[in-house]
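Encoded as structure tokens, here's the structure I'll be asking about.
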């Protein structure tokens, strides 16, 4: 059976892609960012991660507002990386796994998540910006992506609690897949930033660190907050951190932090964090999940 | 009123983009979104007025675009993430657009950042 | 406050639109169909229905499979009626109500329904085929539509139970809208028919009548059935009857049948049925709903 | 296996259209879907081979279309509701297509209906 071996929270600002493509890995202003991803990339390689379930948002690239989905899951063997106005990037097309993607879609829809299914469309920097920092990709990506796009652009957005429940359902979907695969859940976005209006440039390091602490140890508290609370505390675009709650929902109650890097250079608190499930508590969690499923 | 947005009106300098706004500004948002297509970008650069008219923009919208009034466009109801595509075509970096929205010179804005060299 | 004054179940086969546009209202083969809608149209006029919440499906017209939504809600003051290959129909554009549509969208998303929002797109016969039989429309439609499209084309479809829950959430959405509006819920599709494969032409009148009976008096039984059960009993395309369950979910527990017409002429059991909530039981229902909301 | 479809394989003459099928047949489904656009219909009628090639169809698909093999197309994984759009362009009524899928003449098929005059 497929299993979730850990989760990664990561920023996805286009700046990362830009600096990456320009080869700024050793530039003093950028080195702290890129170095922060190295232990995560190493962990993915060591643990032989086969699949990244990428919970990200489209930034009005793949989807326009004439048809904007709350949750959209991509199905395809390949996805081109989108041109967002500055031309194409020199990266291989993202790799998929149709059978796994279809299984997860079926599981989620039967579990009352009202997905939009997309196919044959280019994918936005929400996924493509951090991806090359996580996985080596010459000549090709070492594994498949399950792209799950979340609306964080056009209110109403899914509530923080709904995102967490999506993560719980993703866990059920992954764990019911019959092939032996090592799956990692990636939640993207944030941390604090605002990039529109006169409040542009807002950051809140104190809140960022509190968010990371709550995410690990008390996620329920983050689910009770409204979108307006996220906007107030972390800046308007930090509301995308609700995608980290989906990632968190896919993990057991107790998780251990393996690595964290926080780098607030200009406007976005660029962050990468890696968690594994707590081995000791995992058994108890599974029993709880089985009981919940039996009662459902 | 969306209860998830209760109190957002008290956060200054912030414009929640919702269905109601979007329904009012769909055309101009689409005009900017189209900038992800190389063909549209080229046509716009050759004939900005013609392409704006073709996109069904009204005079207010055309004027905001002619002036590259980034803050005005956001206040009018343009989503930042389609505006960002236009910034690429207008050869402005995001950081430059941010400075303009704050009403600061680029260098002044960068001085407020922790790593002013990260460009 | 807005209130739901009744619900209508109706077939939506393109044949109805075709016969309507060709003026077959008095043709002996078609008269039983058209006459069957007259009491419903009269009821809508008498009751001064302001809004029809139209739970229908797109037939790969407005949406293509490169992006296919489970539930999609349309927002707009006007929607053109689609050309589905045979040209345009001579009907006024469908009328909307942006404020009401946005309210319902906000309410449903906050209630954990993961809608796709569509705008500025032409609408398919799933809505446009029965609409002119329900409402006079010269020179214009007398009220607004809230179009809610359900995926019944590409498996996985929303489960029967999920559709029913959607209806329950639509009721909460409508009843929390501050303007005084008379709202009717329309569920479309069916009844028995199959129009692909060697089994094309399948019908099952016995099941159709049982479905209508269960819909009114024991909908829970219909929620326990799988999509395969619907396909087996009513033919492959009759699975779209899950949209009648969404309609039913928006109604109180006890409903009274005001009118029914069942006309199986060629391949689809064309049906229209009108229900009102039972006045006596409605008070008790509302108390139950309030208690449920308080506990949520 | 989608549990909602358990047992569907035992229902003869029925082809469930799901994500897996659709992913395999997206091109040909799109080819038919495009028939809702007057411009595409006209181009197809003028140059069927050219438009099929442009749509990226393989030889099997082209052949099924040339023969108007409605049942074969369904079995190949085309969704009936895009096929229906093609029927309009091919000037076939739905009832005619139904008869063909059942392997019956149109008149024989209509005799099996309750109101054979309802056309």
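The chains carry the letters A, B, C and D, assigned in the order they are written, with residues numbered from 1 in each.
Everything that follows uses one rule, which is that a contact is a pair of C-beta atoms (placed from the backbone, for glycine too) under 8 Å apart; a residue touches a chain by one contact, two chains touch by 3 or more.
Heads up on the chains, UniProt names are A, C = Gallate dioxygenase; B, D = Protocatechuate 3,4-dioxygenase.
These numbers were taken from a predicted model, which means no experiment stands behind them.
Asks: Quickly list, by label, the chains bordering both chain C (Gallate dioxygenase) and chain D.
Replies: A
Asks: Averaging only over C-alpha atoms, locate the centres of chain A (Gallate dioxygenase) and chain D and give their separation in whole Å.
Replies: Taking the average C-alpha coordinate of chain A (Gallate dioxygenase) and of chain D, the gap between them is 39 Å.
Asks: What's the distance between the Cα centroids of chain A (Gallate dioxygenase) and chain C (Gallate dioxygenase), rounded to whole Å?
Replies: Their C-alpha centroids are separated by 37 Å.
Asks: How many angstrom between the C-alpha centroids of chain D and chain B?
Replies: The computed centroid separation for chain B versus chain D comes out at 44 Å.
Asks: Name the residues of chain D that each touch 2 or more other chains.
Replies: If we look for residues of chain D contacting two or more partner chains, we find 2-4, 18-19, 22, 26.
Asks: On chain A (Gallate dioxygenase), where are the residues touching two or more other chains?
Replies: In chain A (Gallate dioxygenase), 65-66, 105-106, 110, 117, 119-120, 154-157, 159 touch at least two other chains.
Asks: Counting only chain pairs that touch, give me the topology of the graph as line, ring, star, complete or other.
Replies: Here the contact pattern is something else, fitting no line, ring, star or complete shape.
Asks: Of all possible chain pairs, which ones touch?
Replies: After working through each pair, the chains in contact turn out to be A-B, A-C, A-D, B-C, C-D.
Asks: Can you list the residues on chain C (Gallate dioxygenase) that touch chain D in the complex?
Replies: 14-15, 19, 28-30, 59-61, 64-66, 82-87, 153-157, 159, 194-201, 226-228, 231-232, 236-237, 264-267
Asks: Please output the residues of chain C (Gallate dioxygenase) touching chain B within their complex, sorted ascending.
Replies: It is residues 75-76, 98-99, 101-102, 105-106, 110, 117, 119-120 of chain C (Gallate dioxygenase) that touch chain B.
Asks: Which residues, counting only chain B, touch chain C (Gallate dioxygenase) once they are in their complex?
Replies: The touching residues are 2-4, 18-20, 22-23, 26.
Asks: Which of the residues in chain B end up touching chain A (Gallate dioxygenase) in this complex?
Replies: 2-8, 11-19, 22, 26, 29-30, 33, 35-38, 41, 71, 74-75, 79-89, 94-95, 98, 101-103, 109-110, 112-119
Asks: If you look only at chain C (Gallate dioxygenase), which of its residues touch chain A (Gallate dioxygenase) in the complex?
Replies: Going through chain C (Gallate dioxygenase), the ones touching chain A (Gallate dioxygenase) are 63, 65-72, 105-106, 109-110, 112-121, 154-159, 161-162, 165.
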